[in-house]
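Shared between the two complexes below is chain A, which pairs with chain B and chain C, respectively.
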Partner chain A sequence: MVTLFSVSNTLSAALLGALAHILPTPLNGWATSSGVVTGLAALIFGAILLAASMLNTILLIWWERKLLGRFMDRRGAMHVGYAGLLQNFADGLKLFRKDTVRPGQADPLGFWLSPTAYMVTSLLIFGVLPISTGWNGGSLPLTLLLALVIFSFAPLFIFLGAWASNNKYSLIGGMRSAAQMIAYEVPILLAVVAVVIVAGSFDLTTIVQEQRDYWFAVPLFLALIVFLTGMLAEMERIPFDLPEAEAELVEGWNTEYGGMLFAFFMLADYLRALVGSILVVLLFLGGWTLPSYVPSVLTSFPLAGIVWFMVKTYIVFGIFVWIRASLPRIRTDQLLKLGWMRMVPLALLSIVLATLVVKAGCPPVLHCVPPMGG
Partner chain B sequence: MAGTAERPPAPPAVAEEKPFLWVARPLATAAKQFVKSLWRPSTVVYPFERLEDPKFRGQVGVASGKPIGVGEIWDNYRGVHALNINTCISCNLCAFSCPDVCIEMVNVPGGDPRHPKKCPQIDYGKCSFCGFCSDACPEGCLTMTTRYELSVHKREEMVYSPARMFEIFKSKLPMNPIRLERPKNEDQILLDPPICIGCNACARDCPTQCITMLDIPKPTPKPGEKMAKRIWKEPVINDSDCVRCGTCIAVCPKDCLFWGTRQ
Partner chain C sequence: MWVNMGPQHPMTHGLWNLRVRIEGEIIKDVEPELGFLHRGIEKISEDRHYNEIITLMDRTCYVAGLAWEHLFILAAEQALHITPPERSEYIRVLASELQRIASHMMWYAAFVQDLGLMSPFLYGMRDRDLVLDLFQSFTGGRLTYEYMRVGGVRNDLPLGFTGQCRRVLDWLIDRFVEYDHLCLASTIFHERCDGLGVLPAPEAVAYGVTGPMLRSAGSHRDLRKDRPYSVYDRLQFDVATATSADVTGRYLVRMEEMRQSVRISRQCLDWLDDHPGPVLAAQLPRWLGAPYAPVGNESYLLKRNYPTGLGFSMIEEPHGEAGAYVVNDGGEHPYRVKFRSPVLINVWAAKRYLPGYRVADIPPIMGSVDVCVGECDR
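Let's look at the complex of A and B:
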């Protein structure tokens, strides 16, 4: 079984073995010792995760631009690379070349720290998300909880950056962001509780394996709606983009950020969107599994699990884009009313449904094949 | 009085929709649009596709006004000029008629060395695309085409040489077939015979070769008088061939040719 750990271990051992040929005697023994190999393997593991998540984030931006274009009867990016695939890389390169300007009255520490911390906490989540069987950072018993905890760090750093910018628009945006994210943590966690009740575990891999009889999207449809809405609000996407309402607050909490710091915020936003889509797939859509009546040609090629997982993720993100293309931005009072007076009761109702599902038992309908490729 | 003015009728009250429809209806609209533009969005990818391409004909409509202009280019569109160098007679009428003074007559190969052939060179930085030049052209060799792409990197590239406009002519673009009916010029070129010295300049420079120098009788000098120094010839202008370009008037060294009506 090929896993991400075994891949990085093999790479690390090969690299250090080659290095040991060059090094003098006392050093080559040290280079091939198990501790060094494992240490380098962890670094390679992190590098692969970083590269994969960043690549997917940039592809996600492309996917959103293309989809949004079709929703608006136009084409998205189409000139750089095949169908505009390289457009976002070009944009990133342009931002990379730009100067980053700190306003004179801004607080230096908070100003520099906030984009970095926002980015890092968003990247950290990928360490615990399983992509396919064995393709995760480690099977802790509480990965779902850990992911959600790291996910909810973000308002802190957004507010830090907004305050440090010393700009009224940034500050208002940061306030709104904090209020919104805290308001929508509650329904999200309640919806997750419904899933956990049915799955009986906080481990994401176990949750996916528990969906072999039926995907949780069917019995826990209410929880799915609550989770999608909450994720939209957490990601600050339209229609919940109050923190960066362009018409009122110039660019919201990242008004004062330019160049690569802006790119950090932008990337972290899409990283969070990716995490949100991945969580929806893991919790409700059966992760990397497919029903057994799907022809085996589609499920037996190498890395099929990862491929189907990514397909599902991009489809879920497509739903987010669909909502963005359709709905206008809502008011603050509507946002909070929706969060506390609609989503929380719905989430509580879905918990009741979850207990009923556990109690009544649901007949197996899908017969998912969990270990599908590696 | 302001108070007595009638109020406009109140707009019909919008029926309150259910909150569910606030979300569902826009989603349905967007999905419909997505399906519609999945195969081909309305965007015309301009540098690679053009609206005048026949496949767009009739697809895009204009909301008001004439139903032409989108999806096709008018046949009498006034775009870049096409010049047929072979039929140009170097009459200079285009340059005369240009209100922006953007036409300059430059030498082109093909003329005889003493009287080089001249064709118009147009500076599109100044041109206002009024079309007077192509209306004035007596031979129909300077016409306007439907080409409209004129962006360049340097100002010098805006100046189209005759050779370049000949290339456009050879590319056989749709040309403006509508020519204003040229008003019959009642004026003719008249000669003041006593001043004429018979120098042949007008006949030499006439673009249509419609001036012939005819011998005139040599007067017998009176005793004690010197014979006038001149060539005993006078220009005779063939009115049916004359394009009334005025070149002969311009080149006459003695100003003995002028516009007028023959009695």
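Let's look at the complex of A and C:
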């Protein structure tokens, strides 16, 4: 079976084999030794992941712009590339050419560190997310927990950058981000616990495999709602984009960032949106699997798992965009109230439901989704 | 901590500065700073022919130009003892009401944008464009119209205008339902707007706050009813009011006002269909008919033997009650012109209705005031 690691291993071996032909005798033996091949394979593996995640992120921005345009009765980006596909690359290039300016009173270390760390932690999650069978960085028993831990680093760096910027809007935005994190992290983790109880594992691959009979979205609908809402807050999208509420805080915590640093924040935001959508697909929508009644033509072509996985991810992100297009922004105190007084009890309830599902099996009435194919 | 919201800030919708003293997220004190857009319109007016001042009126409030033209010509006609033809009065009322719809739509778009609603912003702008197309068809302009004249209006409505206008009004009436669905049906909208920026009627009157802000507090004060000008006393409409005195109340008042404006416009269109006639008074002073006569110091010396007079007018402008005072000393130019801007008063009352709420409440509250800095600073 083709996996991401086998692909990079083959590439690495081929490259080093070609290199060994040119190199003198003592070196060519070293170049083809298994340690070097594996090392280069790991590098190629990382490069592929990086390229894929960045490409998908930029596509995601395009997808959002087009969808948002349609919701707003307009067409979105149209001019650069086919249907505006290259518009975001052009925007990125423009930002790349811009000067990065640090305000005189801003703290240099925090100011430079924050966007970098924000970006890096967002990229890091892709190393543990499985895209299809075998298409992941490695099979750890606690992938899900690791992903969520890295995911929730972000508000720390947001707060750091906001404080270092020495700007009042940034500071208020950073404070809001910290307050917001407390409100949504707890319900998200509780909702995840419900999934873990039913799946019996913290490993994302196992969680997907456990959904062969029914997608967890069916028995754990409540947890799905809580998780979606929490993810919206985690991504800081409307209606929960209070930290960068542009109406009162200009641009919130990234007011002082311009040029490529702003692009870093922007990209990392969409990386996190991509991760959020992927997590929803993995935990509740059966990952890369499809129901068994789907004709096999649709599931047997090469890399079908990845294709369907991406389709699901983009659909989930489309739901987030839909929400953004139709809801106003709520206030910090209302978000805290929502998090603690609505979402936490609902998440606890979903845990109770999850234990019932485990104890009694999924009730037949919920088997509305026929068994999944592997 | 004092935070400057403005003069370059997404909340302000124009050039003004709101200084806010906050403790945490709670607003303790506010201090509006105005005057960034002061162009000295009142002083410039003393140097211009009456019809040339109409150009300035478009710039006074750039989202309600026709309403301000209406205001000025009413005062100028009183000062110059000119009676406009009846048909022109109906056209003016029609133009003012269409302008009210366009202005309120601009407000709607900006207000929902402040709440974070992105789609209705574009819906509002899209539908406002239809009204602007109507303006273009009979005034030639979309923002600065220069349409009304002392003694009437510049030109009659073009052929087929009334039919087109009715079609647009029918379309708009349906859109208002859609707007309400997008806002009033949303729980988050109510959580963000109910009980915010409360300004009870007695205090509103004490501050001099007028327009939708006053009517949202239960008052029935509307100059079109209380002190009818042009032909408003011949038209059927209701005064839009609400009782909550908060942001939601102002929203409801403005939405209802747009519906009533559609009603008034339809009556005007019916009348205009049946009563053709002149739209500019026949016996105008010659110099008034030549608005592009050279303006220079020598024209000060050319005092005409024309009766002097004072003119005062008040109209219900989309933002509130606007007033104009014109002193005619018998010359080509008015001796003194003074305007009363409703927005200036409404913004200054922020000291009363903002403290106690949160930073996140500033955009919806100030959005519900409908600030137009052009007329505020003049």
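In the analysis below, the second predicted complex is superposed on the first by the 362 of 374 C-alpha atoms of A that agree within 3 Å, B and C clash if a C-alpha of one lies under 4 Å from a C-alpha of the other, contacts with A are read in each partner's own complex, and residues count from 1 in each chain.
In the analysis below, a residue touches a chain if its C-beta (ideal position, glycine included) is under 8 Å from a C-beta of that chain, and two chains touch if they have at least 3 such contacts.
Remember, predicted model here, so these are calculated numbers, not experimental data.
S.K.: Should A:Arg74 be classified as contacting the first partner (chain B), the second (chain C), both, or neither?
M.R.: both
S.K.: So, does A:Trp322 touch the first partner chain B, the second partner chain C, both, or neither?
M.R.: first
S.K.: Which positions of chain A sit in both the chain B and the chain C interface?
M.R.: 71-74, 325-328
S.K.: Spell out the part of chain A that touches chain C in their complex, as residue ranges.
M.R.: 68, 71-74, 168-169, 172, 238-239, 241-242, 245-250, 324-334
S.K.: Would you pull the chain C residues touching chain A in the complex into a rising list?
M.R.: 1, 3, 5, 9-11, 25, 112-119, 121-123, 126, 182, 186, 188-189, 191-192, 358-363
S.K.: Touching chain A in the complex: which residues of chain B?
M.R.: Touching chain A: residues 23, 26-27, 29-31, 33-34, 36-38, 41-43, 45 of chain B.
S.K.: Which bits of chain A are touching chain B when the two form their complex?
M.R.: Within the complex, chain A touches chain B at residues 67, 69-75, 78, 322-323, 325-328.
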